[in-house]
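The next block holds one structure in the form of structure tokens; read it before the comments.
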Amino acid sequence: MVNAPRIPSDVPRPPAHVRRNRVLMIAGVVLLVALFVLALVTMNLPTWQRFVTGMQRNFMPLMRGLVRPETEVFGLAWRSMSETFFMAILGTALGALLAFPISFFAAGNLLGGTRWALPGKALLVAIRTFPELVLAIIFVAAAGPGPTAGIMAMGIHSIGYLGKVFSDVIEGIDQGPMEAIRAAGGNQLHTFLYSVVPQVLPEFASHVLYRFEINLRAATVLGMVGAGGIGLPLIQRLQFRRWDEVSMLLIVIVGFIIVVDAVSSRVRNRLV
Amino acid sequence: MAHIRFNDVEVVYRTGLKALKGVTLEIPRGQFVVVVGLSGAGKSTLIRTVNSLVVPTKGSVTVNDVNVTASRGGALRRARSDIGMIFQTFNLVKRSSVLRNVLAGRLGDLPAWRGVLGAFPREDVAYAHDCLARVGIPEKAFVRADALSGGQQQRVGIARALAQKPSVMLADEPVASLDPPTSHAVMSDLKRIAREDGITTIVNLHFIDMARDYADRIIGMRDGVVVFDGTPDEATDAVFEEIYGRPLESKDLRGA
Amino acid sequence: MPEASSLPRPPAAGRIKAALTVALFAALFVLAFRQTGFNFQALFSGTADFFRFFGRLVPDWSALPQIWPPLIQTIQIAYVATIVGSLLAMPIVFLASSNTSTDPVTLWIARTLLTVLRSIPDLLWAALFVAVLGLGALPGVVALVFFTMGVLAKLGSETVEAIDPGPLEALRAAGAGRNRTIVFAVVPQVAATMVSYILYVFEINVRASVVIGLVGAGGIGQLLLRYLNFFDYTGVAAIIVVIFAVVLLIDGFSVWARSKLI
């Protein structure tokens, strides 16, 4: 025999904690929306009208430019982008070189034990937090404009990320091979060179490549504050709204980055 | 004359755990000793006091009448380079080539600058190839260590220890990570080489049948104390039940 | 023992590869030094200049009342852009995942769009939209919306592609259409991860929102630029300290909230 259909009041109510979570969830969403509306109202955003006219006046020319870019600036775009590329290489190399020693202290399982781990980690967080572009501005103000300022800004800023991931790698190494070298009569330097370095090097290299991909993007904009690379010619043309030339520069930037990303991620996959 | 001498060796770990409670033993030159016991009986600690990877809190170990326990720095490293060691988990640098792993065994005798640059003399490289040939894998020299099977990796471990030209060989559960046929192959390689070169060998095992098959002498340990010391013939099932403190189980046998 | 001269040599392929790698890197670095004019002397003198300059950066706390309003605007820009960008990213997430996309052509278009979006850095978006829309917070918001879409859709589609295909199959077998499959089989599996990614993107957006002002896209960066142009280094120092504190705070909040989620 088939059961009679339940009447609605028969349906069991969900337990208290489920109902409470549901209320919390709704309250959270309401809070998010309220904050969103509050932000929109207090932000002094211009009228919708200005958004539309701005888009009409400039976005369409930009789109047209993307279809028919000014080929005369291709040479300039290529030269500036290759300078940008080499800046990223040197900045990344500098960062890796500086991060290497710091990471061993921050790791806390090899050098000097845990004594240095905390100050080391704190230093890395501080460096990571400091915006790269602000560093670049300081370098430009202190040492004058040019690629060197950008390379140094990238180098310093990269220490934060690379030092962190390097020390994570070091903390995860297999201690067994180190014991084996010690048992064979090797000293501390031997242990380091023959069992620590070979273990960590491929992963270090992979992280350095990943950071290089990030730095290449960063290097394209550093020029906007005078720190070398394609950012300077780009922002000049943006200020004068030379959309066809802007488009050429954009195409070179995007194309270059996509190709480098593809190559780099391939190499990274083979490394680890 | 004894080659290795344990004089009332006691080890208390920082956690308060008493791993060895006064072990006194004499091992003559060229003997192939198997130490048996359950895990936690103190086998690993015992062989690690021989090369001072674990330093006794009381007593001392001498090898060739040299007090290893009292040695520090360069003297300790020289003592260690005369003592090869093989590990349960092989402890190879997996991303380095087999040859480079074997050459690491030569580090103890190398001038500092050569060690730093990795500039091993030709005769060392030649010897490393010889060692690989003796464990039966000469063709694997330029392969990355992690591309080898478990048994092959342990053979690299033996070759590395052999490259030290040691007079003592320590093996800490060398076949625990291997399957039965490979275990026997590795153990008979180890025994053959020890016999040929007259190397005094201490092997930790927990398999009864393997201990009986390969040992010249069996030492049984329980709770940090030597509870049996005799020939394989004397080590009956009753003796093993005494050492293990429980009836024997099938997992105590490696099988063929 | 074999004769020293008859030692086995490593395979030729390996040696050639190693030599080529070394040569490639050497060439890259030589070119890099030449193209950028970077040298070690510049490195050391630059470092010295940097620290000398840094020494002059003594914060002037009387600038604080001026710093507050643009700082709040910075966070608002990041907040609004994160929400709008996340909403806009959602459809792209499902179209760019091989297991939830409609057809191969759409999948390819969505992925290509993502690749292009992701190759453009935050500041470039900002400079672009300042040129299109004029100075202020509006180009900042629009720029970060695009930036958010690039970052989030990539992370999201990787998550969606990694889900357990079982529930998807079960719903399809029960006759559910694509949208219902997504709502009932995919969303519950990825929701927590997506929220955690959104928090992460918010964190990135706060950092980005600080600097996009330097090209005129509103917020604290714009004030920083003004101080810099007037050589008001004590004001600059105050802003830098405040930025540092705020970023640290938001990072801490985001890490805490994400740890609560998973």
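Per-chain numbering from 1; labels A, B and C assigned in written order.
The definition used in the following text is that a contact is a pair of C-beta atoms (placed from the backbone, for glycine too) under 8 Å apart; a residue touches a chain by one contact, two chains touch by 3 or more.
Since we're looking at a predicted model, the values are computed, not measured.
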| item | value |
| --- | --- |
| Dominant interface by contact count, named by its two chains | A-C |
| Chain nearest the overall C-alpha centroid of the shown protein atoms | A |
| Subunit A-subunit B separation of Cα centroids, rounded to whole Å | 48 |
| Computed distance of Cα centres, subunit C from subunit B, in Å | 52 |
| Subunit A and subunit C, separation of their C-alpha mean positions in angstrom | 5 |
| Sequence positions of subunit B contacting 2 or more other chains | none |
| Partner subunit C, residues of subunit A touching it in the complex | 32, 35-36, 39-40, 42-46, 50-51, 54-55, 58-59, 62, 82-83, 86-87, 89-90, 93-94, 125-126, 129-134, 137-139, 141-143, 146-149, 151-152, 217-218, 220-221, 224-225, 228, 231, 234-235, 238-239, 241, 246, 250, 253-254, 257-258, 261 |
| Residue ranges of subunit A in contact with subunit B within the complex | 174, 176-177, 179-187, 189-190, 193-195, 198-199, 201-202 |
| Contact set on subunit C toward subunit A in their complex | 28-29, 31-33, 35-38, 42-43, 45-47, 49-50, 52-54, 57, 73, 76-77, 79-80, 83, 115-116, 119-124, 127-128, 130-134, 136-138, 141, 207, 210-211, 214-215, 224, 228, 240, 243-244, 247-248, 251 |
| Subunit B residues touching subunit A - in the complex, by the definition given at the top | 51, 53, 77-85, 87, 89-96, 100, 104-105, 107-109, 112, 115-116, 118, 157, 160-161, 164, 170 |
| In the complex, subunit B residues that touch subunit C | 97, 122-123, 125-127, 129-130, 138, 141-142 |
